[in-house]
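Order as written gives the chain letters A, B, C and D; numbering starts at 1 within each chain.
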Amino acid sequence: MNDILAKLLPLVVALVFAPLAMGIIQKVKAFFAGRKGFPVFQMYRDLYKLMHKGVVYSRSTTWVFRLAPLLVLGVSLIAVAWLPFGGLRGLFSFQGGFIFVAYLFGLARFATLLASLDTASAFEGMGANREALFAILAEPATLLAFAALILTSGNSSLWGAISWGQESSFAEFGVVPLLALVSFFILALSENSRIPVDDPTTHLELTMIHEVMILDNSGPDLAYIEYASALKVWFYLVLMANIVTAIFSISGWAQILAMFGFAFLLASIIGVVESSITRLRMKKVPDFIGSAVAFALLALVLEGIL
Amino acid sequence: MLLIVVLITDLTMAANSRLGTCINITAIQGFALGFLPLAIGLEKGMSFELVAIAVIGIALRGILFPYILHRSLLNSGTSRELKPIVGYFLSVAIVLVLIFASLWISIRIDFIAPQLLLLSTVALSTIFVGTFFIVGRRLAIMQILGYILLENGIYCMGLAFVQDIPMIVELGVLFDAIVAVFVMSVATNKIHEEFEHFDIQKLDSLKG
Amino acid sequence: MLFGGFLAVPVFGVLLILVSKSSRQALMIMLAAALGGALLSGILAAQVAQAGVIEVAGGLFRADHFSAWHMIILAIIVFLPSSVYAYTYFGGGKGIDLGYAKRFGMLWLGAFAAMSTALLSGNIGIMWVAIEASTLFTAFLIFRQGNAASLEAMWKYIIMCSVGVAFAFIGTLLMAAAGQQAGLEGGDSLLLQKIYLVRGALKPSLALTAFIFILVGYGTKAGLAPMHNWLPDAHSQAPGPVSAMFSGFLLNAALYCILRFLPLFSPSDGGASVLQGGEAGSMLAGAALASSKAQIILMGFALLSLVISSAFIFFQKDAKRMLAYCSVEHMGIIAFAYALGPIGTIAGLFHTLNHSFAKTAGFFSAGSLGKKLHTNELAGFSGASKRYPLYAIGFAVSLLALIGVAPFSVFMSEFMLVSSTVAAQRFLPLAIFLAATSIVFLVMLKHAIAILWKNAPGEEKAVTPDGAPGGMSGGVPPISEYLVIGLPLAFLLVLGLWMPHGLSDFLTKALDSLWSMK
Amino acid sequence: MMLFGIGIGVLVGGGLLTLVLKKSAGINKLGMASVVAGNAFVLAAAVEGIAGRYAGEVYQFFLPLPVGAVLFSLSPLSSFFLLVIAVVTGLAAVYAPKYLAHYGEMPWRFQAHWLLYNLLAASMMLVVTAQNAVFFMLAWEGMSLSSFFLVLFQNDRTEVRRAGWIYLVFTHVGAACLLVMFALLAQASGSFDFDAMRAAAAGFSPGLKAAIFVLALVGFGMKAGFFPMYVWLPEAHPAAPSHVSAVMSGVMIKTAIYGIVLTLGLLGGGQGTELWMGWTLVVLGLVSGIFGIAFAAVQQNAKRLLAYSSFENIGIIAIGLGVWFIGMASSNEVLAALGLMAALLHTVNHALLKSLLFMGAGALQLATETLDLDRMGGLLKKMPRSGLAIIAGAVAISGLPPFNGFVGEFLLYSSVFVQGFGSSLVRAVYVIAILGGLSIIGALAVFTFTKLVGTSLLGEPRSNHTAHAHEVPASMYVPMLVLAGLCLFIGLFPLPVMSALKLVLADSGLVVVGQLPSGIVSSLAAMQWVAFALIGLIGVLALVRSRVLSLHKVENTSRHKVGSTTWDCGYHNPTPRMQYTASSFAQPLASFAQPLYSPHSDGSIGPDLFPAPVARKISFPDLILDRAIKPMYSWISRAFETFSIIQHGNTHWYVLYIVIALLAVLFWSFVI
């Protein structure tokens, strides 16, 4: 029983802290913009508010539109439940789990795309189109980066790969996880619709990707989606933090603390990046995501050679 | 002697443009060839078959063929081949070359008895010249003449290479030859009826 | 007695035709004679199957399984249906005048007599005489009064075949000379079997030269490239039944004569060693892979025929010319099979049968279609299935059969051919064969599709939406046409799936009789 | 055995029996009934066969073929394919009558259709059971020919005739390769019987094996649709009636997969493979997969899109086969087993999926009278049941959990964890190939099928016909829903399916299926539970949502509002014509990968001051057909035209040819 509770911890942590990480990103961006910005806990309030609103469904939509938010949130919950948090194991772990989780995210994407096409709106169709297009590069990058990480460790699950860092030295394989880390960072930006791929706060619909897809969602549906987004950001933050702690061979309670530290640090870095560079032109986006593929490929080839 | 006649007829054919003359030359050649079995008979001993072949040969090659062809010629009203594919001078030269080539080949063929050397040369050269006529002359009648030469040459060749061909085969071959010439000349007449000319080179509507 | 019959029946027929009073009568007599010929060849085949070889006049005439096989194809599969078809083609005599009917009947029977003589002669001189005679008899069959193109075709046919066959006679003489050199006396040197017995003593260069003359000579008549040029002209200009007879058998007869000479060059004792009951396994295990030079030369001509015919079929616009080139192709395929030696012989024998079946049906239907539509253009045939379902479907199906679509037996014989070629390890020829047949497949399939389903030229919409036979406007074809077109195709279908034991036995014996003169 | 015979008999007999009837409806009913009845027998036989009841027995039918013999057996592997064939052809037959009815009353064609359909089903069943090369080829050709005529059902249309032509030509070239392959095998083993070939396989030389492998790859690849031999797929599938496309794409091309598996068996299983063969298959599979789905992504015609997607899925199966070969060649039993199982599982999956989707496309076509995605839209509301089945199929074919497509791909993915073949660099390359390739394929599939579903079923109707569409009859959507259910079943319960596969392969001699690596089994089990958890979670979340909303109803009833227009950033009353279409969906992809697609557009958008109405149509020429084969074809035809100078009509030259031929050969004979 205790065991299961322990395994549930990463999920609980994510549920609690994910909106906070979003708040941190916002705060950092506001700081660089010279504004005071929202409080860091603003997102909790937003979610609460949205849960108390009603929903508006367009005549054009069908059950697909209503199913999508549920599926998206469900998938995000499962993903963060799977992801180990420092020394804490995820709820479940098996060989090839990362493939399954990546495909679950694919399922969520599929649902989001269909939901946005269901609205019969040109804007949302456009967003869906871009999302689907960029995924063609993001998917292989994700899988290859995971594979580099996992195969380097000689394990077949992420848990094994992360705990490997505690026995082995940084110098031996260090460059491979580092490359994977870079790859994941780029993916964290692109998969979570951050600058330079997408601008979640813009007001020009023509330039949006993710936000434009959910224009028609409202009330609890929107809350689900927003929460799912936050969880996904958290997923990437924790993933990267895991790699960093593994590289530095931190263990025990220190590891848990370090995880939080790195996660929030990475959130701030994302904020900094968002503040310091501009959005890329749509045509340039594939190059950017492509670099994630390149890093992951490099990692895998180096893994093969070393 | 007879063989020399045959050779000379080959040459004169090449040089001649008048159809009538050519037919007559063929007749002469036919006679010469007709007597050939008799000549062989003189050497080796006469037999009934040889005589019969000679008689039939003379009758066909010397008399019947020229007759048929003259009739076709009369029907057509054409008298000479004006623009042969290969010019007359060149034709003569080619025929000469062909004769020498035949001689060379005959010498090369080792199983030919020396006394048959000339016969074999004549046979080959007549075959060649016949083929040459079929390829190098435009008018249908000239092609028939070429075919007759070809047949004549083969006949010589049979005499030169093979002994004692059964009568039935010999007769069959002769029968074929006559039917062939007959059929061809009938065809020639038809061609003339249909096209008002004999020029085979103009018969090229069927292509591809 | 039996052999005499093959001459007597046509001669008797010719005499009767001479005194016949009407075109209908003449054609009826012709038909009766053809039936007689078919019966005779049936009896011959039965006797051969019982007794093996039948010889008369000291081997002057001779029938074995190989010639009996060809005799069956000639008389039963090609000649009889062609005669039936000719009868209806000429409207039972209504469409033609008496003179033409008489002439046609006499030449037709003459051709039959000549070809059966060629098949049944054991003497290469007589063989030659018969082949030359067949040229002369058939020449005027091509000609149709008042048709300039047919005259042109006829002239080309006469000249080319006469010259070619004259060369074959040179070859025959040389072969006889070689025989005499090897110690044969006089007339024996023209007897094929006698030459075969002394084949070890033949002077190789002389015998080979003889063979080359024979190959090129008879090859002209058989339509092997590059001596095939008369063939498309003659086939396209001749009336339907004549084209069918030409393609269905005349070519085979000439090829038969070439093939008869092949065993003289066979290095070992021919088929016997390779042959144990015709089973695929033992056939393939045969060791006699080495080809004689004669086989190599034959292979060369076969491949050239395949290449050239496929190229010409590719851009052919005239239906009957296409079928003619297709004959060149199939002659190439048959020659290909025999050029492999005993290994390929069964495939060759079987393919000869299949090709004759399919080609006669093809020419029958193309001939009728051309007559009805007043064109031989393939483009004009498209969509004909709606107006003339029998002819159009018959034509399209025979095209499909000819290109080797399963389950027609052409597929089977080509399968046998491919496996024999592999067994003989002739991979380059195999590649050429496959490439050429594939090109032919591509083109003829396109035409078959167009004939079956494309809209007729000038029609925007289909005549009947259903494509059902209800939209027929050409009148109901006589039952005999259903038979002569339908039966061969049905046989092809059955033979593709079911080879009776007796038939495979006969083929095996034919193989043996070709290669070891038994 | 008896059952199988009866089944084939019922199929053939039923097909012939339709010729007796006069009315379309009766013909269609009888045809359907005969297929269902025949397939029921075959299905029973196949189940028994998988259980191993007929293992090792070879039966002979008395018919004496010109060469070879009618030998067949119901080995577990054959029965496995038999099962798939029986299920799919049966369901497609149930679907067919109502679909055919829309063509109108044409009994003659329906008779032909059912005869050919039944023959197609029977010949496919014979192909996978044949034990003699000649019989195999006969059945193979029967299959090709009957499907060819079925494709030509609507033969009054030019593009249909063209498609049929291309199809049969490709098939023929493939069959020619197979003929040579079997001839080689027969020569080496002395018999056309498969058993004899297997027995003699140990003595085959490496060169022979290589030749046989290449011939099998080309020969079967023509039918299966490997790159670059897939060309007939996107032509023939849209041309055929939908249930025929379903059968052709679902099971007929799978017989070629059976053929490749068979060939390796004839080569003696593991001894027959070499590493390069495996890599060839993997590379070919990757190229096929990526090209296939990339071309599918830009299609506007629903069935053409599905055809390209078949090409893609055949690629995935080929990857599986390649992994199997690599495993066999490096004696890595686990890898081999994973590869073959992945290939077979994906074969089943794709058979179910693709027949479902083709039937779905047919239903859409019936409802909207078009296959053009740009003219559909909003159909889910009009056709809820077909729509549901199509969406399920689309999710499944994109390889997403919890459907069956994912399970097959997961097996392939799992192979990257297997160690012990090649150096670590080779393994890295392998991992990159499998992970990178499959994930690109997966992402493109998501792109493609969201486009398909989004533009056809969702949004608003884009044409008048579409706006007045109706649900298809139950006999059409029930088979689709059954197929969708099967897809979901395999996705949710992969373990029983895996045990069935193990049974199929246990004594096949193709692969050693000892214990599957426990990692895979536990992964599958875990995924099964997570999938259930996800479904549960969705339920909980839905409950929470409705709870929250109903709470608010008490406070303010107007807040839960259904039936407004789409907000669309304030545009009032957006029209259906403003929606993203399939073409616009495809456009960015096409412009990113321009060299691949080289899109061809008619009409232009001019920079006029007052733009007039413009029409613009973008088409994507096929890489191989339009950009390689067509130019080659015209080149060949020009080259052949030059041959015509030989036949110029001049008799003199003709005679000269004879002489030249004579002299040339004489010369040759004296010189050589």
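In the analysis below, contacts are C-beta pairs under 8 Å (C-beta built on N, C-alpha and C of every residue); 3 or more make two chains touch, one makes a residue touch a chain.
Given the structure is predicted, the values throughout are model-derived calculations rather than measurements.
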Excluding subunit D, groups that stay connected where the other chains sit: A | B, C
Mean-CA-position distance for subunit C and subunit A (Å): 77
Cα-centroid distance, subunit C relative to subunit D, in whole angstrom: 43
Rounded Å distance between subunit A and subunit B, as computed from the means of their C-alpha atoms: 100
Centre-of-Cα separation between subunit D and subunit B, whole angstrom: 70
In subunit B, residues with contacts to at least two other chains: 131, 134, 143, 200, 203-206, 208
Set of subunit D residues in contact with two or more other chains: 644, 647, 651, 655
Residues within subunit A bordering two or more other chains: none
Touching pairs - complete list by chain label: A-D, B-C, B-D, C-D
Partner subunit D, residues of subunit A touching it in the complex: 51-62, 64, 67, 69-71, 73-75, 77-78, 92, 94-97, 99-100, 102-104, 106-107, 109-110, 113-114, 117-126, 128-130, 132-133, 135-140, 142-144, 147, 151, 156, 205, 215-216, 219-221, 224, 282-283, 286, 293, 297, 300-301, 303-305
Residues of subunit D touching subunit C in the complex: 63-68, 104, 106, 108-109, 134, 137-138, 140-142, 144-145, 152, 155-156, 158, 161, 164-165, 168-169, 172-173, 176, 179-180, 182-184, 186-187, 190-192, 636-637, 640-641, 643-644, 646-647, 651, 654-655, 657-658, 660-662, 665-666, 668-670, 672
Partner subunit D, residues of subunit B touching it in the complex: 85, 131, 134-136, 138, 143, 200-201, 203-208
Residue ranges of subunit D in contact with subunit A within the complex: 377-378, 380-381, 391, 395, 398-401, 406, 410, 413-414, 416-417, 423-429, 431-432, 435-436, 439-440, 442-444, 446-447, 449-451, 453-455, 458-460, 519-520, 522-523, 526-527, 529-530, 533-534, 537-538, 541-542, 544-545, 548-549, 552, 556, 558-569, 574, 576, 578-580, 584-585, 588-589, 592
For the subunit C and subunit D complex, residues of the former touching the latter: 155-156, 159-160, 163-164, 167, 205, 208-209, 212-213, 215-216, 220, 226-227, 229-230, 232, 280-281, 284-285, 293, 297, 300-301, 308, 311-312, 314-315, 350, 403, 405-407, 409, 411-416, 418-419, 421-423, 430, 434, 437-438, 441-442, 445-446, 449-450, 452-455, 462, 465-469, 495-501, 504
